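Okay, structure first, notes after.
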């Protein structure tokens, strides 16, 4: 049995990663995010690609208190010796509800172009995609945000950077057309959120939609560092994890109380 | 109850992260690794700090097949719909055996300087630290490597970059002195591994030893992207995860067989 | 804010769980599996329910080497101080590929009865369900097994116990009719696997299909104890985790080698 | 390469587990907790052992809202399609702070008997152990509880069951002597908590202290079923996870606000 991989292998005095020498070609000359690029494309990013991917990963890295960062803090509370477990706990909620849209947006755009032709205009594609989803009663991924209404400031910035770097192409155009037409159909503005914008921009960078979520998850892992550091620095008693648990404990309404006679 | 945090908070048209405006000050102008720096120091890194931290995180991001990346691939096999679970599974083995040394090295150096005075020479500190550990029968963290013998090429490169960027200071000097004297005591060269070197360099960047492991874990999460991508691209049947499982299944020796009569 | 729960709450001298006094009513008089029953039904199981659920959970608890138990062993290798992380890593692959069928079988049966009437005979329901899935090109969940062909011995035993205890009802009858008709349509026997049988039996015990997977996951956690114990007992060097990693390391074919010139 | 295991292996018409036939010898005749026993001892428990282990696992299975069950609920919120991830997130905090004491108590008792002789009386052993820990400035594991003061009702019940079933032996006696003498030294009653009691009882059942934590973790996995079920039943909007997150979001004090000028 031979296990084939393109990822990497260590020799006595050399570490090979995606066809590069880690020490000679990568350390000191590429950024951490470029390693994710290497992982997905098996080649180093251009300067523009590196800048774009770093911007994308910085955009979704940190959001203050989220179910994810709170889980990390609560886990750290019980297992401060196992920081990896606290990070993992924070990643585990990165499921369909919060991050899945990235992949779904990219897939929706790809399917649209595959079906109707990538040479159709963005406006035409938008109409066809919206019609099809409306017909099938499907939700539109990448739209809506509980706080950033009617505009997600990251979306604006992402497209601005994408334009500057040459990654504002058919996918980005189409999602913006979808946004415009969707608002018209709804009669009110619905936020095109950062996750939706990222799905389009990453598609315009030629990333397969199936690998996008792993970028998001890796980015979150970096963001969780801050939450662990804050728990360490605050000390156990003053930590958010402890305070939160104390609060819950004091405000629990045990509704089964009266059932004791069952 | 108010939950206090320095990390971040979202407003309608603005996301605040560590006192910065995510969109205006960070997206497009800092790298992903800088977000980890921000998390630990609550300020943006200088250019030199950013370059050093990126080099450190790139150094430990990827190692080809490890227990960690294999767990990720096996987990992906069972739950391809939950990429976050596959990444988390790969992080969970980042415990004391492989990555703990980073923190222990930094703590050992700090304790040595706290106890004996940071003004002692690196050579004196090295002797005192080695003597003390020998006396107490404690292992020396950051030394030894199964493959990179007698030199870990990443260690050489890391110190080279650290010198260039001005982060080769007392901690780096001392760990190198420890390496020299340890080899003399042992009568043979023992590898100062990359994790040991990183503990010293991060200490010279003024990072608290307790936050170092979260850097390592975040870096690994980025590295695991490549393993997930490879599993996706190979397709289930040709995937390393599936092949490995098939191999184990065919080569299992069920030793309790004869015990069936118990 | 009041957080309402039916699950449990501690008082100074009493712990309430689902309306029972943990010490007086549960400890020493119910089994561990009954706690899962309590969690799902908010009442103690009858003796027959307890016996059936224990049989179900015992059936899927342990399978020797699986991607799941191998991940646990590899994770333990790197973080022996964090047993909880090793168990968690083993659970994380319990996704759609291996265990999802339980839920899907129960849902398929429920949908069939909701749509066509629970008063239809099992044979009629089976035909209608098979027709509908064939028409829509949907796979049949709960069928097929790589080893247990053409019969999964657990399936036989589960239905035997279910009959004995009074839980062989419409769902179990229908899945067995589906099995019979499916074999006829295929012209060869396809295994009705244990996970498929469990989906039907748990449905006949009136469990909601959405809670079934949590039973499977909890059961697996118990099964993983054995794998951790074996890693502890064998010692690091002789451990399966270490041996497996060594094997992979020696049998890696780094296909990107030649790409170094890129 | 042959991977040796005592745990289990599947044949076409048979599944072997620890030397037993899963279908013939285990399904329908043993409880779920007995599978954990099998994993640790490679033999079926006696009736008394089964009853004792079930009581132990039931005792630590469920505590209402804890950092652990809250993490499960928050993780479910983001990834309802991956129940295994929600359970895993809840287990990950089962580190040194909450459950480690079980193992430490058993180890402390073992070390005491190894050092001073198992033939010493429980009172003598207690004095020697307490003296030694006081001298070394070590904390006493298994004592103290934030709610159950001065008595943990589970501790009382566990020893009662242990006496009844014949497992109240030297370890249990000694921990109770330690409790008595510790209270005298402190001049006030300090709770001997359930985790401490379990460490002693499991030691009296001849379990190795290193495997105890995996029992606790497995037991917790069963307990988490109830929390997932409650989140499912309440529906997303009314779920505790969502309410908790909303509360935190509304009560965040972003202390770095003024730092925006940095």
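Letters are used for the chains, namely A, B, C and D, taken in the order the chains are written, and counting of residues starts over at 1 for each.
Heads up, the rule we're going with is that contacts are C-beta pairs under 8 Å (C-beta built on N, C-alpha and C of every residue); 3 or more make two chains touch, one makes a residue touch a chain.
Computed from a prediction, not measured in an experiment: that's the story for all the values here.
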Original post:
Comparing centres built from CA atoms, which chain ends up most distant from subunit B?
Top reply: C
Original post:
Would the interface of subunit B with subunit C count as same or different, where same needs over half of all numbers used to appear in both copies?
Top reply: same
Subject >> Result of counting contacting C-beta pairs for A-C and C-D, higher pair >> reply: C-D
Original post:
Quick one: subunit C and subunit D, Cα centre-to-centre, how many Å?
Top reply: 23
**OP:** Return the distance between the CA-based centres of subunit B and subunit C, expressed in whole Å.
**Re:** 36
Original post:
If you average the Cα atoms of subunit A and of subunit C to get two centres, how far apart are those centres in Å?
Top reply: 30
Original post:
Residues of subunit B that touch two or more other chains: which are they?
Top reply: 1, 3-9, 16, 18, 64-65, 79, 81-82, 84-85, 88-89, 92-95, 99, 244, 247-248, 252, 254
**OP:** Could you draw the chains as nodes, link the ones that touch, and say if you get a line, ring, star, complete or other?
**Re:** complete
Original post:
In the complex formed with subunit D, which residues of subunit C make contact?
Top reply: 1, 3-18, 22-23, 26-28, 30-36, 38-40, 51, 54-55, 57-59, 61-65, 69, 82-85, 87-89, 91-95, 99, 147-149, 151, 153-154, 156-158, 161, 208, 210-211, 213-215, 217-230, 232, 240, 243-244, 247
Subject >> Partner subunit A, residues of subunit C touching it in the complex >> reply: 1-9, 16, 18-21, 42-43, 79, 81-82, 84-85, 88, 92, 248, 251-260, 262
Subject >> Footprint of subunit B on subunit C - complex, ascending >> reply: 64-68, 70-71, 74-82, 85-86, 88-89, 92-98, 241, 244-245, 247-249, 252, 254
